[in-house]
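Below: one structure in structure tokens.
Lettered A, B and C in written order, each chain numbered from 1.
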């Protein structure tokens, strides 16, 4: 019975991870298409967006092998996704896709943040560093996408809360960890807070405080 | 007799490596000059273009020392090249240079790709990852050059096959490796396929399939 | 008595390090504000500018933990600085700030360069690589700041000597190290040469030699 629940939980976690990775890859695909990149550029930008945040985290924490080396099927999956999308998607589907990926993107942001905090705490990082590693995992894929596409990163510019949602969720995860809460409680709380804040922000049009010029 | 051939082969490999490094550095010099960078910028962009791909590969594979630390004379060479070019080259030589470096650039692309695949396979990477490491070695010097010069990377945008040639050559190298072919056969085949495809693409004006908008 | 002088020297070094870090962070803040980034962007760009150079050096030398993990209070400090500046600084203070940070920026450049050369020599790097690591430590925070803000890096473009001052200072440090001079002599000489050249360059409007087009 308990084993059943655990395996259900594990399956659910895997589904969120796949959905999040696909959402990140798709956001890279859309940006690459908007910039009129060629087929190579589209694939690279999609991979960078999907795997960039976790790779930067692993580089900074000096963890090897990278997660996309251990699970090389993720790489194959994103490349297959690129080919399918390039064959079948048309311009007028862009807006639809952008709306459609908001949910998996928010859930993925929460999950990747929790993963980043978890791995950093495992390496005995100070708590602030661990939370920032979580944010990096969730956010820097998009930052690298924008840098490669020669844009100021959306995450730093559009006044929509994104990184701050991950920041809040990261503190929740780290705090519950300090209180010795079971791992799945911290994970669920982190995803719920991060994704909840993000979706609320999109729904209610919350804006980040502006610089008082 | 056999030793003679081996030492000839080794000399040839070294010549291609030097020519490729110089071609990469020159492409960085030209872009930096076009962007009107100062002397510091010209040197940095040339070094980034020449060494960026291999450095990123070594970072991702966690290899130390870097090849430009082991062979620090390469660094001295590129810096001397920068000074000479800045002293003696004029604007009207730019187009000549661009044509002139197509051959060494294509050969270098092939050789660097083979090196990348080889090193990654040595570290037990999955074959797809190894091939992508080869492509990274050959292509990311130019990508970093364009990012530093604030351009969308040419390799992702100009619809000319470049990374895909390296990708094809990389699979050839890895495939021949799996079939236990001798190292030099795999190397020659990889360089021939990569450089051959690249030069054919330039000659026949091949274009990458475009996104069907 | 000698212990007194040593502890004074150590305090002075710490003060220069804090002033340099603050100056780097402020230059990131100003650029982020000019680009109208949101609060998240401002904090990230300030941190990247303050810690980017040293982090890149540590990545290349494969040193862990990063200095901002060992001294996590630096991270807290820069984030507090960002909040304070966002609350209290107005546009008209930008020019004042830019003038005001020239001195601590130049001193920080010297100190960070010396630190980079020192750490690289400790890892048995060749002397040219060690000097370049020193330059990287001092200069690449600003380069990353400009890349993230989607500008061609100022250090490569404005014809004002900046990296060359660090380059000169780095050779001084490495040279004195080879001559077995005491560490503090090399440190003081490096900071004096780097900061002195930089401030002279600003004062006398020195320009880098231009490309002869």
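Definition applied: a residue touches a chain if its C-beta (ideal position, glycine included) is under 8 Å from a C-beta of that chain, and two chains touch if they have at least 3 such contacts.
Given the structure is predicted, the values throughout are model-derived calculations rather than measurements.
Peer 1: Could you classify the chain B-chain C contact as same or different, where same means more than half of all interface residue numbers appear on both copies?
Peer 2: Since fewer than half of the residue numbers are used by both chains, the interface counts as different.
Peer 1: Between 0 and 180 degrees and rounded to the nearest 5, what angle rotates chain A's CA atoms onto those of chain B?
Peer 2: Nearest-5 rotation angle for the superposition: 120 degrees.
Peer 1: Can you check how far apart chain B and chain C are, centre to centre, with Cα atoms defining each centre and the answer in Å?
Peer 2: 32
Peer 1: Please set out, as single numbers or ranges, the residues of chain A touching at least two other chains.
Peer 2: Where chain A meets two or more other chains at a single residue, that happens at 59, 62, 147, 150.
Peer 1: So in the complex, the part of chain A that touches chain B is made up of which residues?
Peer 2: Where chain A meets chain B, its residues are 32-33, 35-42, 44-45, 55, 59, 62, 64-66, 68-69, 72, 75-76, 86-87, 90-91, 147-150.
Peer 1: Please name which positions on chain A make contact with chain C in the complex.
Peer 2: Interface residues on the chain A side: 59-60, 62, 125-126, 128-129, 132, 143, 147, 150-153, 155-159, 162-164, 208-213.
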